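Listed below are the structures to be examined.
Okay, so chain A shows up in both of these, paired with chain B first and chain C after.
Presenting the complex of A and B:
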């Protein structure tokens, strides 16, 4: 179904090849996992199959990519889309309409189908993925898991022969991840050829038939999933763990520890919306607390309230026993959100860091900035424009900026989504170091590997009010 | 999501919201053609009054007034620069207030009809309306991408302002006055890159959905004009005809620039 023959590909204005002599075959009913460290060519491989390379990204392609027996280069991308469905890390990037039903119907409207046929197809796909009740909803109001399902249902309604999933679980909670795995198994049985590009490996153990490990644009290894059990192999290629036991149930509740950040009677709701927090009281110690809950439970909103970015309707917040205003909270905290593009403003990486460390004394600033750049493997990029970095590098820079502010409260929202094993370890070490300095680190993450390696305790959302805190 | 101020969850039910979006688009197109053709203050005043009533029927008086103030601010800034230019370089012609009456009235009409369209229509209904017009592919796609870009752009501005607050800055007149270069960089550097990235993402999303596979689009949802649309459309036509009649009966005096 998918055949790549001796592919050499370089992006425009790049001297280094993104793919170098890659050969790959995926049969109908087969699922293949493609993994490897960031920048090894995984996403490029996916883009060659769905036609984005070279039709959209241009660049220099040698070799032949065939999907369903037809050369991709000889077809328009809209024709390739007939055979290939693509699911991205952030499904919002592939939504064109704004409401669920309209989004699902959109691609069909360009295939000359009657309204009755469109309706039948989208209802069938929506039923199979359980998103029919969301038909009237606005897409941006859905949880990440729901968005992912809508995107998948939208693709499945088109009945493609090939499914390409590029980092599909990066924003999903572990339950939604396992749910996605079950759907992939079903698609396999229906005869679809599937390529999954992902850093997270554990959820694919019983799903994929084959694994390819990419390294510097080449397929370095190919074999069964069991080869990933080799620790030295994973370390060599910067891979994540092949099996992860869920650490969440074992984490103690945050209120059992001495509270540094204390919250009493917190009320918050968005304008004209339902109450997200209704009189919640809890305390968060110094160290690392995992904010745990399903997609859409209100974890990010809680972080925004706790750092003073959103104003609470009622309630008291104290830091180290002293009441603090939202303004003071914002001054003493760092919040690193997932939207790295929005967080980078300056001309160079080092200027970006210095802007964040503006309140640190001049004497210490230089050493501090250099230290964080080194720890997060950004030292060789100091003169680069932040917006020219790769996704993973931007993510690490945003985190480094958050750390450079030397906050009392540091909130990280999904800091390792889409990062490889080596970078996950770097982020984990930086978090640990900040916690050891005495900061209260709140970690919002679905990444079980990260939670297992850094969290001391947990705050579960929705919050069951803890015993009265001694404020 | 409305085209502007998208997170208003419960808009007030007014007749203007019941209008088909195509009617509102047609009124905007008619108004823009009319203001190009008319150059007489009285005829344009008639359209200004009618379009103001149209905009005020949104029952969002405060918001409409804020938009008027923003337009006045832009006009005043332009005037200031023209005078500044004249002061520096006297050969550049100075603008008298009476010269601005016709352009001001034209702007007023357009601001009113565009506000009525933007504040009463959601993006999805505009997309559906455009589909049902069966426009040529080369017009439909850019129009859809442009409209679809608006909510992303608004969201980007919101998120950038938020990240600036997290970094310890606020877009206050003090910041703009004391550190203008930093203020501009804080807002515009990420906004520029986001805008480029959003347009890329939307383009790729469209490609991967197979847009352009067929030259003809078959709309999933059909939309129908109602009696209200016919009534409002005819009223708009009559008003433009009346303005044209005023223009013909009282031609522009030679002192008024067009």
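Presenting the complex of A and C:
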């Protein structure tokens, strides 16, 4: 179904090849996982299959890419799209309509299908993916998992022969991830050829038939999933763990530890919205606390209240036993948001870091900044404009800025989505170092590997009444 | 939105978007031609009835703000012209402007409007552009909120107010728009969009008896207002 023969590809104005002599075959009913460290050529491989390279990204292509028996170069991208469905990491950026049904109907309308046929196809796809209860909903009000399902249902309603999934689980919680895995198994049985590009490996254990590991534009390894259980191989190629047991049930509750950040009778609701916190009392110790809960439970809102970004309606917040105002909280805390693009304001990486460390004494600042840049592998990028960095580099820079502020409270919202194993370990080490310094680190993450490696305890949202903790 | 919508959809919500659009634009234009307070009051009465029927609930703060604004404009007008009728006409005309389009917009879901637009003989590229603009607003509103929060987290160390605005909002916004455009273009390509291809529409809003009734009532109001202005109804 998919055949890549001796592919050499370079993006425009790039001297080094993104892909170098790549050969790959994927048969109907076969699922292949493509993994490797960031920048190894995984996404380029996916773009060659769906036609984005070279039709949109241009560049220099040698070799032949064949999908469903037809040469991709000889077809327009709109024709390739009849055979290939692509699902991205963030479905929000591939939606065109405002409502679920309109989104699912969009591509059919542009293929000139009759309203009856469109309705039949979207209902069929919605039923098979369990999306029908979402009919009538507005897209931006859905959870990440639901959005991903709608995007997948939109693609499946077109009945493609090939499915390309580019980091599909980066924003999904573990339950939605496993659900996606079950759907992939079903698509395999229906005879689709599937390519999954992902850093997270554990969820694909019983799903993929083959694994290819990319390194510097080449297929470095090819084999069954079991080859990933070799620790030294994973370490060499910067891969994540091949199996992860859910650490969340085993984490102790935060109220069992000595409280550093204490909250009593917290009330918060958005304007005209329901109460997200209605008299919640809890305490968070020094160290790393995982904030655990489903999408929409209010984890990010809690983080905003605890860092002083959103003002609570009522309640007391104390830091190390002393009451603190939202303004004081803003000064003493760092929040690394999910979208790192918004947090980078300066002209160079080093200026960004120095601004974050503005409150640290001048004598220590230079050493501190250099240390974090080295730890997060950013030292070679100091003169670059932050917005010119890759997604993973921006993510690491935003985290480094958060750490450089030397906050008493550090909140990280999904800090490792889309990062490879090596960078995950770097970030985990930096988080641990901050916690060991005595800070209260709050981690909002669906990444089981990160939770397992850094969390000391958990705060579960919605917050249940905890045993009385005198303030 | 100017006011919050009641959770239940009313008959006004179910009207064809183009009917509401025509009434909103028509009333605004017609109010410009009227000088007689009673005629303008009639138009305003129709809009207020629509407002009540749609169960729109403006917040107390917004009602107060609108009342203060209208009061101030009327007072200034009366002070300048010393003519109570002129001041009243100004106030009523302004009230019609403030209500006409927002009442229609507040009761029309964007997806209803895009469906209606899709049925028009506009070029496909323009229809997609309009759809994306509708998608763009809620997305950008959320992004701007995040940018403002990120700028607040950075604090005053980032520079003066203008520098903070430039670095914290203008620059990230520019990159955000470029990124969004880039991604949406790729997504369009991957869905097989071709500007030359014909298109169908799965569900189109159709005008019905309620639309005809609403239009007739609106027309009746316009005629009555016209009679009050020019037909001897005025003193």
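In this text, the second predicted complex is superposed on the first by the 471 of 471 C-alpha atoms of A that agree within 3 Å, B and C clash if a C-alpha of one lies under 4 Å from a C-alpha of the other, contacts with A are read in each partner's own complex, and residues count from 1 in each chain.
By our rule, a residue touches a chain if its C-beta (ideal position, glycine included) is under 8 Å from a C-beta of that chain, and two chains touch if they have at least 3 such contacts.
None of the values given here were measured: they were computed from a predicted structure.
Annotation for the three-chain superposition on chain A: chain B and chain C clash.
In the superposed model, A:105 lies in contact with both chain B and chain C.
Of the two partner chains, chain B and chain C are each touched by A:95.
In the superposition on chain A, the residues of chain A contacting both chain B and chain C are 50-52, 55-56, 76-79, 81-82, 86, 93-99, 102, 105-115, 118-119, 138, 140, 158, 272, 307, 309, 330-331, 334-335, 337, 339, 341-346, 355-356, 358-359, 387. Interface residues of chain A, counted against chain C in their complex, comprise 50-52, 55-56, 76-79, 81-82, 84, 86, 88, 92-99, 101-102, 105-115, 118-119, 122, 138, 140, 158, 272, 304, 307, 309, 330-331, 334-335, 337, 339, 341-346, 355-356, 358-359, 387.
Those residues of chain C lying in contact with chain A across their complex are 4, 109-111, 114-115, 118, 124, 128, 131-132, 134-135, 138-139, 142-143, 146-147, 149-155, 157-158, 167-168, 171-172, 175-176, 179-180, 183-194, 197-203. Of all the residues in chain B, the ones that touch chain A in their complex are 1, 7, 9-10, 122-124, 127-128, 131, 144, 148, 151, 155-156, 159-160, 162-168, 185-186, 189-190, 193-194, 197, 201-214, 216-222. Listing the residues of chain A that touch chain B in their complex gives 50-52, 55-56, 76-79, 81-82, 86, 93-99, 102, 105-115, 118-119, 138, 140, 158, 271-273, 307, 309, 330-331, 334-335, 337, 339, 341-347, 355-356, 358-359, 387, 401, 405.
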